[in-house]
Each structure stands twice: as C-alpha cells, then as structure tokens.
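You will see chain A twice below: alongside chain B first, and alongside chain C after that.
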Partner chain A sequence: MKGSRAEEKIMSGCAISGILNRKGNRFSGEEIIDSIALMHERSNGLGGGFAAYGIYPEFKEQYAIHMFYDDLDAKEEVEYFLNRHFNIAVAEKIPTREVDKISNPPIIWRYFAMPNEQKLSEFGLADDEYVAQSVMNINANYRGAFVVSSGKNMGVFKGVGYPEDIGDFYKLEEYEAYLWTAHGRFPTNTPGWWGGAHPFTLLDWSIVHNGEISSYGANKRYLEMFGYKCTMQTDTEAITYLFDLMLRKHKLSLESAVKAVAAPLWSEIERMEPKEKKIATAIRTIYGNALLNGPFSIILGHKDGFLALNDRIKLRPLVVAEDEERTYVASEESAIREICSEPEKVWTPRGGEPVIGLLEGREEVWA
Partner chain B sequence: MGLDYNIPEFIIERDQDRCIDCQVCQHQCANQVHAYDQDLEKMVAQDIDCVNCHRCVTLCPTNALIIRENPSEYKKNKNWTGNMIENIQKQAATGGILLTGMGNPTAKKIYWDHILLNASQVTNPSIDPLREPMELKTFLGRKPDQIEFDDNGELKDLPPQLELDIPIMFGAMSFGSISINACKSLAKAASDLGLMYNTGEGGLHQDLYQYGQRTIVQVASGRFGVHNEYLNAGAAVEIKVGQGAKPGIGGHLPGEKVGAEVSKTRMIPKGSDALSPAPHHDIYSIEDLRQLIYALKEATDYKKPVSVKIAAVHNVAAIASGIASAGADIIAIDGYRGGTGAAPTMIRDNVGIPVELALAAVDDRLRQEGLRKNVSLVVSGSIRNSADIVKAVALGADAVYIASAALISLGCHMCQKCYTGKCNWGIATQRPELVKRLNPEVGAQRVKNLITGWSHEIKEILGGMGINALESLRGNRLMLRGIDLTEKELEILGIKHAGK
Partner chain C sequence: MAVIDAQGVYYRELNQEIKGLLAKGEKEIILNNVNGQRYIGDGLTEQAKLIIDGTPGNDLAAFGNGAEIVINGNGQDGIANTMNGGQIIIHGSVGDTLGYSMRGGEIYVKGDVGYRVGIHMKGYQDQQPLIIIGGGAGDFFGEYMAGGRMILLGLNRAEGQDIVGNYVGAGMHGGVIYIRGQVEDYQIGQEVKISGLDEDDRKELIGYLQDYCQEFDYDLEEVLDAEFCKLEPRSARPYGNLYAY
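Right after this comes the complex of A and B.
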C-alpha cells in the first residue's frame, strides 16, 4: 500500500528551510539537507521534501513533470493521457537509492515534455494554463497518480519519512540548484501518503508551509470558483493555488498578492497614504477570501527567487539571514547557522512582512 | 352576532395586597385592559383584551401584576389543538383572514440550533480579541473578479460598496409600520455604529435624511415615497420583491395609521389605505427586474449598489442566480421566520423555507456559477443572536439583516399584535401618545448596546476559531458541524455531522 489520500483536512506542524544563491550559482543539495535535518525535532517522520530550481539546465525549456504512481496501471493510464496531450522528450525513473528508513515508495517517474501544439491551439490556451489544467485533471481524476511537480528547470522530491532520509533516498547531493527549499512534516494524524508531503507545486510555484490555515474552508471554496480543484485536503495546496491565481492569472505584483494573503490590518490601512490606502482597500475588498488566517510561515519558491511570509500576527517562527551571495530562511536560526555560521545579517521578519529573495536582475519578473 | 365563543388568551393576576391602585397599568394600556372600579374601589382587568405585551407588568411600581397563559385546556387532541379551534372561532365570528404580526412562531425545526461551531485546540492557537486585532469590516456591493489598473498604473475604481464595521444591518421596516421614533432610533444607531438601516417601503421622513449615508432606501411594489431625492438620499437602493413572512403577497397599511406625517412621506392621501400590490407591476419576469435594476442605477448615476430582496422560497437558488446575472449588486434573502408588521397567519406559518437552507443552497449555486465572488449575499429571518450571525457567515452570507431583534432591544415583547397599531412600547404604532413613549436617544443607545454586545461575542467566537478577520469565516463551512440532522439536511447545508 502506498497510503491513500485523506478524506478530511490534514493538520500539521512543521519545519521549513530555504537557500537562494542570488547570483544564480548552483550548489548541491547537501546543505539544505543539513539545515532541515538540524530541525529533526520539528517533524515526526511522516513527511519530508525538497524543491530545487535550476536542476535541469539541459531541459530548461521543457516542463519537468515529476509523478508518483501507486501501480503500473495508474502509470499506464496517465502516460496515455500525457502522450496524447504532450510531446515527451524524455520519460525516465527518478534515480533513488535504498534507504533503511524509507519504505514503500510509489513508482517515481519524470517526464520532460512540451504541450502538444495541436491540442494547445485546439483549446486556445497558453502553455502554462494548459499544463496547469492537465495537472489538476490528473490529480482530480486519475486514481493512484499524483503530479509532484510541473515547472520548468525545477523539480520536487518528497515522500514519507524524515526530510534528511528523503534527501538521501533521492540522491539530492547529485543535483545542483540555485534555490532549494525543504520541509519536515509533523502531521497530527497519520496518513502515510507520499503525495501529502511538502512542497506542493503548480508550474513553477512551490510551497513549503509550517502551520494550519483556519481559513482553508473559505480559501478552498473561493478557488473553486476560478476552476481550481483542491483535491489533497491540505492548506498548502490551497496556498499554492492562491498565488497561482493572483500572480499568474491576475497578474498582481508580488507585493499586492502579499497584501491579499497577509492583509494589512484595517487600522494600518487607515494610516496609509491615500493612493496606497485605496489599493490596499481594493485588494481586501476583492480578495477577502484569499486572506490566509491562522498560524503559518511559508516559503513560496519560484524560478526567480522566493517569498517568505508569516501570518499577520506571527504565530509561527521564521528567521532570515544573508551573506554575500545567499539568502537563507528557516523556522529556526540554528538551521541557518548550521550551514552558514557567520551570516552578515540575521533578522526576524514581522508578521505579514514579506521577505523577497530574488535572483540578481530579476526584480520585476515574477510570474 | 351573539355569543363570542373565544375565551381570553391570557389571565391577568393582580396581587391585591401589592396593588396600590395607582392606575399606571390603566394609563399604560392602549388595549384598555385595566380600569379602576369606583364601586369596588380597586383595579380590575378585562382579560380578553390583553395581548401580553408586558407593558403594565414592567411599569407596575409594586410588581403586583403577573400575566399567564390561560390555563384552561381543551380536550387533548393532537390534530385539533386549542389554537386551531380558536382560529376557527375567530373566523366564524368575523369572516376575515387571520391576521398576525412578527415572525413565524411555530415549532418547526430551527436549523441554527442544529449547527455547532468549531474552536482551536493545540494545532492552531486561539486568538484573544482583547489582546489582538479582530476585524469584522465587511463590504457589500459588486466586486470585480480581479483588481485592475489602467494604462497609467492607476487603480480602476471599484463599483460602489457599502462599508460595514460589523456585518449587521437593520432590516426593512417602514415608517408607518413602525413609529418615527423607532425609525430614528435605528437610523441613529446605524450611523453611530457604522452599519446600515433600511427604510422599508415607507419613504424617507425629512428628519431621517441626515442619516442618508447609513440608509438603504427601499423600492417596493407600491412605490410609496419613491422620488429622485429619495433614491439619491441613501447609500444603496433595495428592490423589495418579497418578504419571508409573506412571500408572494403584498402589504396593507390601514388608513388609520396614515396620519399627516406618514401621508406626506408616502405621498398618499391622509387616512387612505396604503396597499402594496403582490407583484411589482413592472416586474413580471427576470428581464423586467434587470430593467428596474438599471433604471435605479441610472437614477442614482451608478454611484449606489442595488440590492434585490426576495423571500426564501422553493427554487430560491435559481432565482438568486437570475438576480445576480440581472445585475443586482447585493441579494438579500429573507427566511420564513422573518418578521412582519402584519401578515395573514396562514401565509406566515406555511409559505417559504428556512433561511439556513436557502442560504446554503444559494451560496452553493452562486459558487457553481462563479457568481458568488461578484455579488454580495445578505440573509435575514430570523437572526436571533450573535451565534446565528457567525453561522450565517460561515454558511456563506456576507452580512445579516436583523429587525425583530432590534425592535426587542427597543422594548418589543413579541406580543405579535403590531397590526393593531396599539403598540404600548411606542414601536409599531402611529398614535402620538404611544409614539412618545419611545425616546429615540434612549432607543438608539439600547440598539447600540445590543450590537456592541453581539460584536464582542462574534469576536470571541472568531478568536476561538483562530481567525482574526471575518472574511476568513465567510463560506468556511468547515467551521460548522450539524447535530440531529439527516444526511439530506447535512448535504444541503454542506456541513458534516458532529463527530465527523
């Protein structure tokens, strides 16, 4: 058994960590594993995972689709779908090694693919929207199959286990990325489902998340009106889709999206300059159901960098540090010091205050 | 007509040891129940005329009065209850329609009482509203799908919105059905609290124009008091199609209530009956409704949101969806427990459906059609306390209308005799000697106290859920669980049973 999807919302606590090389220099997965491993006590072995950006330079124009399959039937069915809808350049098993503490993995496969031109024009969709709809279709309608990630030149590696064991299992020391994020999970119930580990993704977006979103029921039903299907019963999936909606579909600036998910208090808005006040009021009026309520700290990964964010009254920990080339973010400062003992700057962002780490020269290129 | 077969509904017990013959009860009772008998040298009472409004009980300086239901019992019969028998006696005596006031009092299931709320434990900290911000601000009006900027990067203006500091508004009650002092109390309370009140179909008395920014002006089938200045005096316009207490029928303000002020405000002759037709005679279809919505938008220069109020009836979801696509900015749904100044008893107690089910169905339908994010949803009929409001918002409402609760805060004791015009509390009456009993300053303060209390309670409940802004509760049915409900009821409400 590979475990099954939860029927009800899963609650979990967690550890998160991220490292960005702002110059775009790539580095192996060893450091992120060391960082997340230091926070071993914050997870309970029921989920760990990593997102890595820049790992597939040889296929950087292709969508890298990482898949979990429960069995060969599921794989066959999804591949039939993929073959009809995509031109697949490479289909291969994602390399893993035997690790004592990791058991019962699903079938783990990846595809480098482009949307089928004919289908694309038939549906009249942009590439990204076509891929996003395909991903949601597979996740909602193909039993025993799960899209782990679907961005370009990036991939997610996750599963049931402590994060350091998951990193070992996927041989992450062999990958080089300019941005790594990691997650160790502490769910309060025990669905041992590989797909339920973090990061959650859609296209280039990946989210690692520590916390519980009390507004999930409102967020989920809001997203459904825009065609998103929240099938995994987790907050994190909904957060991913909210950012996809606002940043990709609605073309909001990152700053505006933050004003929706971690909205400034009305009392703060009152004190803003008229123009800023008008925008903040409009965002809260229109995107009220996108507000994320409850304790959270998240790292939103993207090809251009990351956004780290706390809930607006800071109910979960989040620490940031910088050195010459890199920006670090983690649940605990110790997880940063473990891999960068003398950062130039260390700080604790306030609740709702976004920390944006960008590759040099890419200030305006989100989404 | 011979013998009146009816017996008194209430028995007045007067403790003669306590009674000091001060005659306060006599002066206070517009129903002329109490009188001083010169021969007997004591106070006596006509039980049959008592409506049990508690005015005399409350004001008796020696607590000498107790009013009880008449303990006389009919022979036990589950089918022919005393109430059924008495109704027939009344109609046999008069040949009229059974008339009543306020909302449906029958023992049908109240769904609010079968819904339980969630609270945080361990995985998610609850929030203390006395220490942390807790936001109830709500905007009603049409929202675009997404925020938009023009070519110069300037934010495009949103359609007009009503800004509420608390998601509560005072539901439509006309000047005529209630007194000017009751209107003033509500209007002042709404202004002071940052809420809205609704004129009902009674026009807008000159004294109330000062509260325009907190006023929703109603346009109903009689079009009483509707003119350009009226439409533009309020912050929003509401087309009343139906009312929960009497779906499908019109209204009737008897001529005796149409004094000089009501006459002037409604623009009808003094002493004439104000009859609101059952339908709007310019709305026989959804496309007609669209025309009226846009006529009102034109008249108000697209500066005010237009609401459409309907009664919760069987196919309310489809109707609401039609209203949303007809261009309404706000949809108000009034459930079958909603109050009224006067309604035929049979209609009030048998027509329409519970607002809880209607709300869930409408919210679901609007979401399926992708319209809910654009249009606002307000419910009423009946909201009795702050927990009902929290449940309504979690089921999907943006805000609620309260009316009966607001009147109770002004002194109403739910005797359900509003239609007689003899309200001893100065609320549902136009008789000057009764109206003056309600001091609008005091009334406004009592309403404000009620809403302030409720808002504290809402904040406590939200904080317990780990939520610090109302928008995170809106439509968040995961915060609700059902108890003693069937699978079908749970399915319609879109909630799980307690324990699941």
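Right after this comes the complex of A and C.
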C-alpha cells in the first residue's frame, strides 16, 4: 500500500460511527459516509466498511448472504454448497462503480436464501443456527471464499480503502436503512485485506471496533468450545461471536452481556449493593473467558438497534448524541455534528457504561 | 482582526492559513464553522488570539506557548498537549487527556472534562500550569501529576453524575488538586493525601477563581460557598526506594 502518504508518520486510530432512526424510518447511506469521512485522519486507507439494516424489505424474510470470492473456482465451489443447503431466491452481483482509489476488489456477490427444509429437519437445527454453522463452514473450509454478512434485511459493504471511497464504490447512496454503522480502519496488528475490513458479522450481528483485544487468545479458545471458528486474522470477529453466543444462544440481556465483556472491576463489585454484587460476581465467574481485555470502543449493530461500549478504563473515544428521531454514536463529536449540527443532547459515556439504542417498541425484547 | 470561514476546509489548508496570517502580524483571528479540523493552534509562540466557533478536532493547541485560544463550543480529545504558556478558554465541555504533560499556561473549561485530564502535568519554580474545570471529570484525573494546580468545581452536573471518577491522582508526586466537594478514599490513588483547606490555600484558590468566574459569569461567592478538599502527594518521591534493595 504505497502512495503519497508512505513517507509520512501517520498519527491515527480507527474511526467508528453509527446512526439509528428509532422510529424505523429509513434514510440513504450519504449521511453515514459524511460522518465517517470527517474522521479521515483516523484511518489509513487499509479498510473501510458499513453495516446497513432495513435495506432489503422486498426480501426481508430471506437470509441475505453477502460473499467475497477470490476467483471463479471459489465461487463455483461455494455455490455448489449453497445450492445443496439453501433454497436460493436470488443470486446476483452486488452493484459497484469504478472508483479510482479502490483497486483489486474480489468477486462480490449476494444471495437471498432460506435453509433447505429437508436438510434443516435432517440436522434438527433452528434456522439461525443452521445459517451460523454454514457461515463457519464456508469461512473455515472454502479457500478463497468469505462470508461478508448473513443476516436478514441487512447487509455489510466493506473493503480495502478509505471508508468514503468504499461507500462510493458500493453506491451506498442508493440504499435506505434505519440503522447504519461505519468503520475506518488503521490496522496495527493484522493485514489489511478485503475480508479483514470491519464490520465483522454473523447472522444480523455486526461489530465495528476501534482498538485491540489483548485477551483474544482466551476469547478464541472459549468460543471454539461452542463451535465458533475464528478465521479472519483479527481480534474483532471474536467480539461478534461472543455477543452471538451470549445474546442468541444463552439469551442474556444486553446489560448482562455488557457485564461479561466489560466486567466491573473486582474493587467496584466489592462496593455494590448485595443483589447487584451477586449478579456481577456470577457473570464474571461464568463468563470470565468472555471478558474483553484491552482498549476498545465498539458498536454492535443488530436488527433492533445498537449497543455502543468502551473498555472499562476508556482507552478509546466514544461520543453519543440524540435528536428527535435519531441516536448517533461516533469516535468524535464533530463526526456527529457534521450530519446533525444541533443535537438535543450530546454526552460521553463512562468506560464500561453501555449506550443502548433501540427501535421504538423493541425495548422489552432486550431487557 | 481576520475572519476565516472553516466550513469544509481540510485541516492542513486551515492551519496553513492561520499560520500565514500570524506570520504577517495578525493578532486576532476568528475561525467560523470549525468542525473536526485537527491540530488548530499547535505550536503557536505568537502573542495572538484565536476565537473558534464550532467543534475543533483533536490535538488542539499542542505545545502552545503564548497564544490565547477561545472555543465557543465543545472541544474533543488531546487539547493542550505539553502546553508551555498562554491561555485556553473553553465555553463548553471537552474530551479526554486535556492538558497532558502541561508545563505552563492556563486552561479554563466551563463544562465537563473526560478521562485522564492533567495527567503528567508538571511545574518548576514559578512556572506552574493551571487547569480549572466548571463541571465534573472522569477517571485518572491528575494521574502522575508532578506539579501545577488543578481545580475541579463540579457545577451544573447532571443527575447522578459524580464530581470525579476513580484513580484520582494515582502516582501523584507534585502539585495540588482542589475539589469543590468530597472524594471517597477508594476514588484516589494511594500516593494521595486528602485534607481541608487552610487560610493560605483559600487565598490561593480565590486568586485563581476570580478571573475564572469573571470569564464564565459564575458568581465567585457562590462558588466559594462550599466545602473544598485539597489533594496533594504524600511524598515527592513515592517510589524512591522501589528498586533500592
């Protein structure tokens, strides 16, 4: 990745941004691009991406599977698998446009599909679990193929480049979503490749992450016990799978999952009221291996909204704002003000303090 | 006086324009519609004034050495890194690591500040940096503080908002922190001693707060009409014997 900036020392960190319309009203990708683009200096052109929820209303019951393929052989092999295991309603190229700054994209394809009924009853799995296992299988066993996203009525658009150029490449102005999240990448520990850009997803969970997870090894081994395979050469995918495990499989509340990944320090637990203390102690004990150590700010997107969170000692930035219909989160306040100049409320959560944004009427589901 | 419309201007061009004007002898520049541009006012040695309307980006006023910078809005992270002189007045709230390694000059904030404010702040003889904060502060306030003064007033806090977080003055070995209110023992670093104010402390505090209150239209008497506590290091060399076996 040479270029005009190669000889400069670049002081940076990743950028994240998210916009939720709490009433479920959908809006185009232009604003999220403007927001993430304002933090251009936080990325270095080695990764950018977006998650969009509500973009496929005409196929909202189907799983939308976004794929990257290195070559046609990989595509042929995965399609053979998909055809045997899914009923595919539509298979098509994801529209892109030529953008000067984006080079060497993979083959980018999407499928709207449902699990094959016969296979489903043969394996005795629920739809979501069937899809999750299929995703793990493709990512671990099919050379040159990578599942970008696999949720319903949502999709991820990502690649190597600055996020604003990636958004342009995928024509995101033509999509309408009620929730957008975005990431500008500055990889420090792992390579910049198309599959390595954020968001990282499974089903309709998506994670954008600024920071690094030094507990990755412990988290990965823990996830492997539940059948998750970490294959993306990055710590961030482990966060996605941890939330899938705790929220989908174990049906924890969002607050409880937060207490696992950003557990209160033992010294804080000591000072809690008895009931709160008991809960916090139980979660730290049972989910000790889900604790995310290291600096992070993340946005977890899902079909009903988002969860934004910092590490416990707040080693990465996060700002939140609200106006009448929307909730905004970003690494910098200016990235919010770029698209909402006068929010009704702006605040910075404390380390480990979750910010939960939900669609109206969906609050009880996550309590 | 010069006026720059910063709307949509990339930070490099904006900062070049500011430095160009100052080099020509301009003494006061108003920057309108600033949003997210980084490094504004870094390394300024001129006795000049910048007035910023909007939300300036990270690393504002690093290595400042004489200029006066006013922000009519909120600031972001990393303001006044290693500041050596001058004055920064912020009419809103700011993010993390304000005044990191600050060694001179003054910062007034009307609202809240984030985590790690005034960490590694230092002072030498009459070169004593000063930070005064109207609202509350996050964790690691004055961590590794080695000199200077920090005053935290905790005015206009949201419901349930603590005046300051945990690890206040962890590793502190110089300087003084005044807090308008009380802090619990668990909130402070083990190197810190808490006490009430004596007459000299109170005189010093009034000296600092007069100008601050005037700047933001706070009522000095009201601000002073509260119990303050004083945090200072137990030792100037807390770890002097750590590696001496």
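Just so it is clear, the second predicted complex is superposed on the first by the 349 of 367 C-alpha atoms of A that agree within 3 Å, B and C clash if a C-alpha of one lies under 4 Å from a C-alpha of the other, contacts with A are read in each partner's own complex, and residues count from 1 in each chain.
Just so it is clear, a contact is a pair of C-beta atoms (placed from the backbone, for glycine too) under 8 Å apart; a residue touches a chain by one contact, two chains touch by 3 or more.
All values reported here derive from a predicted model rather than from experimental measurement.
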| request: Considering only the touch criterion stated at the top, classify A:267 as touching first (chain B), second (chain C), both, or neither. | output: both
| What is the contact status of A:278 with respect to chain B (first) and chain C (second): first, second, both, or neither? | first
| task | State whether A:225 touches chain B only (first), chain C only (second), both chains, or neither. | result | first
| said: On the A-aligned overlay, A:76 touches which partner chain: chain B = first, chain C = second, or both, or neither? | reply: neither
| task | In the three-chain superposition, say which chain, chain B or chain C, touches more residues of chain A. | result | B
| request: Scan A:256 for contacts with chain B and chain C and give back first, second, both or neither. | output: first
| task | Once the structures are superposed on A, label A:61 by its partner contacts, choosing first (chain B), second (chain C), both or neither. | result | neither
| field | Touching partner for A:360 - first (chain B), second (chain C), both, neither | value | neither
| request: Mind working out whether A:317 is in touch with chain B, chain C, both or neither, as first, second, both or neither? | output: second
| remark: Intersected contact list for chain A, partners chain B and chain C 267, 313
| task | Spell out the residues on chain C that touch chain A in their complex, using ranges where they run on. | result | 11, 35-36, 38, 54-58, 74, 76-77, 95-96, 114-115, 138-140, 165, 186
| said: Using the touch definition from the top, list the residues of chain B that touch chain A in their complex. | reply: 120, 122-125, 127, 132-133, 135, 137, 139, 143-147, 155, 158, 161, 367, 370, 372-373, 394, 465-469, 471-479, 500
| request: Would you pull the chain A residues touching chain C in the complex into a rising list? | output: 38-39, 41, 267, 271, 313-314, 317, 319, 332-335, 337-338, 346, 348, 350-351
| task | Name, in rising order, each residue of chain A that touches chain B in their complex. | result | 8-9, 11-13, 188, 211-212, 214-218, 221-222, 224-226, 249-250, 252, 256, 263, 265-267, 275, 278-279, 282-289, 291-295, 312-313, 315
